[in-house]
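Quick one: this structure, given as structure tokens, is what I'll be asking you about.
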Amino acid sequence: MTAKIRSIASAAGHEAQLDLAPRPAHGKLTITEVGKIYDPQGAAVVAVSDCSMDIAAGDFLAIVGPSGCGKSTLVNIIAGFDNLSSGEILLDDAPLATTEQAPRPGSDRVVVFQNGALFPWKSVLDNVMYGPLVQEVMTHREAKRKALDLLRRCGGLDRVAEAYPAQLSSGMQRRVEIVRALMNDPKVLLLDEPFRAMDTVSKTTMHEHLLEMYHVCRKTIVFITHDLEEAIFLADRVVVMTSRPGTIKTTLDVTLPRPRTAALLASEDFRALKAKLSAAVHEEAKRAFERGEREQA
Amino acid sequence: MSSVENTVSKPHPGKALVAGRRSRLRPPNWRGSVAVVGFFLLWEILVRAQVSGFAQIPSPVTVVKVLFTSYLLDPGYWESWLTSFQRVLYGFVLAQLLGIPLGLLLGTRKTFNYLFYPVIELLRPIPPLAWVPLSILFWPTAELSIVFITFIGAFFIIVINVHDAVRHINKEHLWLAQSLGASRGQIFRRIIVPSVIPSIAVGMTLGIAVTWNVVIAAEMIAADSGLGRLTWEGYVSHTGPVVIIGMISIGIAGYLSTLVVDWVEKRMMPWKTR
Amino acid sequence: MSKDHPRGHLVARGLKKTYQQKGHAPVTVLEDCNLDIEPGKLTVIMGSSGCGKSTLAYLLAGYIKPDAGSLSIDGRAITSPGPDRVLVFQETALWPWMSVMDNVMFGPVARGDQSTAQARKAALELLERFGLIDFRDKYPGQLSGGMKRRAEIAQALMNHPQVMILDEPFRGLDEMTRELMQEYYMRLFEDTALTTLFITSELEEAVFLADRVLVMGETPGRIVSSIEVDLPHPRSFEVLDSQAYLDIKREAMDALYNLALSPEGTG
Amino acid sequence: MPPVNKKQFWYMWLGYALALAAWYAATAWLPVAAFERLPGPWEVITEWFSTDPAYGISLFTRDYYIHILYSFYRATAAFLMAVALGVPLGIFMGWSKTFNDFAAALFGLLRPIPPLAWVPLAILLFPSSESAVIYVTFLVAFFATTMNTYVGVRSIDNDYFRAAACLGSKPRHVLRHVIVPGALPHIFTGLQIAMGAAWFSLAAGEMIAAQYGLGYMIFEAYNLIQFPTIVIGMATLGIAGYVSSAAIRLLGVRLMRWHEQSLGMEG
């Protein structure tokens, strides 16, 4: 189960290598035969079963699958919101979650949420400064300097440092949330369908911003989505999950060069990759949808 | 379908207003039972130890004894129940009968709203019990004046709730009906009225609680019968157990009315039950 | 609703709409907005959120009146809402207190076009076709998102509209359901050739469904470019993997990017 | 709801005038005994503004203000106690499930008893009738504050707790940075309801068991057949209740600028 991932940087040639930050030392995730069973009223629901994958430090992994396929469950376990029923997860070869040891949330694995979880009662700056301040790893002054610097480097967000989140567009909110996560210098960044329900232009802009951030401060990223194009465009590797029980159906290495731009979307390579995945995904979606309607009846 | 992913998230509560009244507390578990038993034990101990302030308070055991020996079989006690229930019923039903149409009128007729809504806003902050003296002056019998005060307690709540509901009606619901060629009468009957039913239910839940509060106080001030009076007489005659029995009876009566109102509300909104 | 003589020719000329808000400067949402919806075709209006798409839909439906300009359907001026052009709303406007059956039957019975028995029969046929027959006595709140959208489309079709206006109808659905609903509507359109105006902010949805995509600009809103989509019918999701689709998507993307003055403006 | 346009403004005054006229007409002309016993508007107004009131209470008498101050003192004391106890209790109930299991059972036990039914017991429990009236007033405000705070905490989106955990928060950080600000909108709703309920109870409590205060003033006026004073008392109570609620609303707006912003965006 330890299929090593080809280094994208080396595959993409010299030019891209200059742009992409070097692979970080930390953030290797080893997920081995993870299963999760929910047992609300005696009726056991298998949310995830026999899920294994290796993610090298600094890799960008996307997980796609229909709703209810357990991809959020997987992220919740990695983040430490939920425990697992079988298998184990290692972070940098140290146990993160096992059947004996329930995982705990920590600032080394920060989640960016589907609906956004910037604290609406704090300004952008206060939101970004929050992590280091409560962990007491920085003084107020240091935190402020770093926050403003990071905001500025991520598309000039320091302009809105004093605004409340509700005054920003949803795209900006999500970018600030990513910056808030990066402030903690996490080993792993977990993005749970962060660009869902955005219109095409905002979404495309967000992709560019995310890739830019990835190039500047490269982290291990686990990105959950049900948008195939998004997954292929962003990730080094795409994992397709089936629904109920959530297992891995296919894995696809994306060998497109970095840095990637929107022009890529119209390329023959991209089209070929997409065609490879879409059959599998649509079949899975239809199955999940029809079962959903049957259960409703 | 997505229940698996959502098991951890909590449901969002509805209107804050309802929260204060509707019992969204979970059924008691062992901890709850411990708390309740502890409460009664503490009470018993405080009375037995004659802690200051508890001199005139009877212990729970005494209360139960008195309840069984002199009240449960006393027809007079049950008459008090009946009297209070009647007053609540009349006041509450009258408030709904007058308040709902008035709320609808205020919500749908602009001119009427401009003219009379401010007057209602002016009268609303006056506490219902402040109406007691005027009410006694005005109505020929004490019974009528108590029913009137009870009515006032629930009336403004229902008017305001219905009026707000009409104003905040989903305009897409109205537009759709217009598109499909419904007449004004059809829109009123089949769209506007059902739209405000949830708010009527909220008004009823809030109203029934206020109604009991008002009836009890009005009975203490101005009546010679009912559960409120029973409690007050217990105080006047310095018989502690009667005061407690009165309070418990009122609590149970109020709770029973809430159950009835909840039952009615469910019937009013079949589409809300899953 | 015949395939040979499609109806529902919607025309808008020089539309202008300004909203007054207390304490704010008036906002001109639409200005000099021209529109021609070809009968029997599926036209998609595509624009970012807040560009006035919904306002345009409300104008066409007759819910609000323009400050300037004219609106007509098959040559008749639009002055009020009517069953000849039914709007399917964002999220859903099904009446939650009526069963699915009552929702679908409402239009013809309210107008007195059909007796209750006739309407019931017609509604049953439609619900059968939409796979909702087992849910006819349920309330909308008891249906899944995809079923609600189908019920809403059935409710509109009951009135034999000349044009369907769908205002981001699949918004709020999860992506998978959404794609299946798109395919579903595609089948329906290919079967009936019902003139359709489909409003969306999603490019993929637009290109997949459209015969023609109209791109709408912002502040004030108006149609700025038109893209013919000549992907073959019947269309299914395989089309999304074709080079033709990607080319059109690219063209549309360029049009959208030219609109967004800077990425900051929309991001 | 302040008037938004001129028409509404004039209709408002016309409405007031009509109400006054109806009151006047009923008391002055209607040959019904019930109305003849009531004081008319003119009587009330002249009494209220008289420097030498017939029944001893007007804007220019010391006693009037003593009653007002007493009521305000009781309402404020009870309210502040309710906030000081209810907000922390509600937060703790929302925070700790274990604690809530205990507390909820007691609440379930005591809450169905209408606060005013406590009056006799309160007089027995407390050394003075003064503290009994304050206690009863406190009780209603306390229930409203606690329950709304509890609901406020429960309604905070779970993602905020998760985000806080991700960012390395300790429990005290969660309390200070998530729970308190997150519950604040509900808390303020609760405080407004609590204030209204406090005046409601206070009026009754003062009528039953107090010396001084507006409730007492009204009832005393009734006993002494000083009918215009009753109406003066009612009106004053109404104004007092309104002013206190408005003060809390303003405080809430100032404390929650972020919340106003979020609401503004929705509209």
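Should a chain be cited, it is by its letter among A, B, C and D, assigned in written order, with residues numbered from 1 in that chain.
Following the convention adopted for this analysis, a contact is a pair of C-beta atoms (placed from the backbone, for glycine too) under 8 Å apart; a residue touches a chain by one contact, two chains touch by 3 or more.
These figures come from a predicted structure and were not determined experimentally.
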- For chain D, the least number of touch steps when starting out from chain C: 2
- Note on the structure: Comparing A-D with B-D, the busier interface by C-beta pairs is B-D
- Message: On a C-alpha centroid basis, what's the spacing between chain B and chain D, in Å?
- Response: 17
- Note on the structure: Per the C-alpha means, the centres of chain B and chain C lie apart by a whole-Å value of 46
- For chain A paired with chain B, centre-to-centre distance based on mean C-alpha positions, whole Å: 50
- Listed in rising order, chain D residues that touch 2 or more other chains are 157, 159
- Note on the structure: Residues in chain B with touches to at least two other chains are numbered 1-2, 8
- Listed in rising order, chain A residues that touch 2 or more other chains are 67, 81, 292, 296
- Message: For the complex, give me every residue of chain D touching chain A.
- Response: 157, 159-160, 162-170, 173, 177-178, 181-182, 184, 256-259, 261-262, 264-265
- Item | Interfacial residue positions of chain C with respect to chain A in the complex | 48-49, 131, 134-135, 142-144, 146-147, 171-172, 174-177, 179-180, 201-204, 237, 240-243, 246-247, 249-250, 253, 256-257, 259-260, 263-264, 266-267
- Residue ranges of chain B touching chain D (in the complex, touch as defined): 8-10, 12-13, 16-17, 19-20, 23-26, 28-29, 31-36, 39, 53-54, 56-57, 111, 114-119, 121-134, 136-140, 209, 212-214, 216-217, 220-221, 228, 231-232, 234-235, 240, 243-244, 246-248, 250-252, 254-255, 258
- Message: Give the list of chain D residues in touch with chain B in this complex.
- Response: 1, 7-8, 11-12, 14-16, 18-19, 34-35, 37-38, 98, 101-121, 123-127, 143-144, 147-148, 150-152, 154-155, 157-159, 186, 189-190, 193, 196, 199-204, 207-208, 214-215, 218-219, 221-222, 227, 230-231, 233-235, 237-239, 241-242, 245
- Message: Help me check something: in the complex, which residues belonging to chain B touch chain C?
- Response: 1-2, 170, 172-173, 175-183, 186, 190-191, 194-195, 197, 269-272, 274
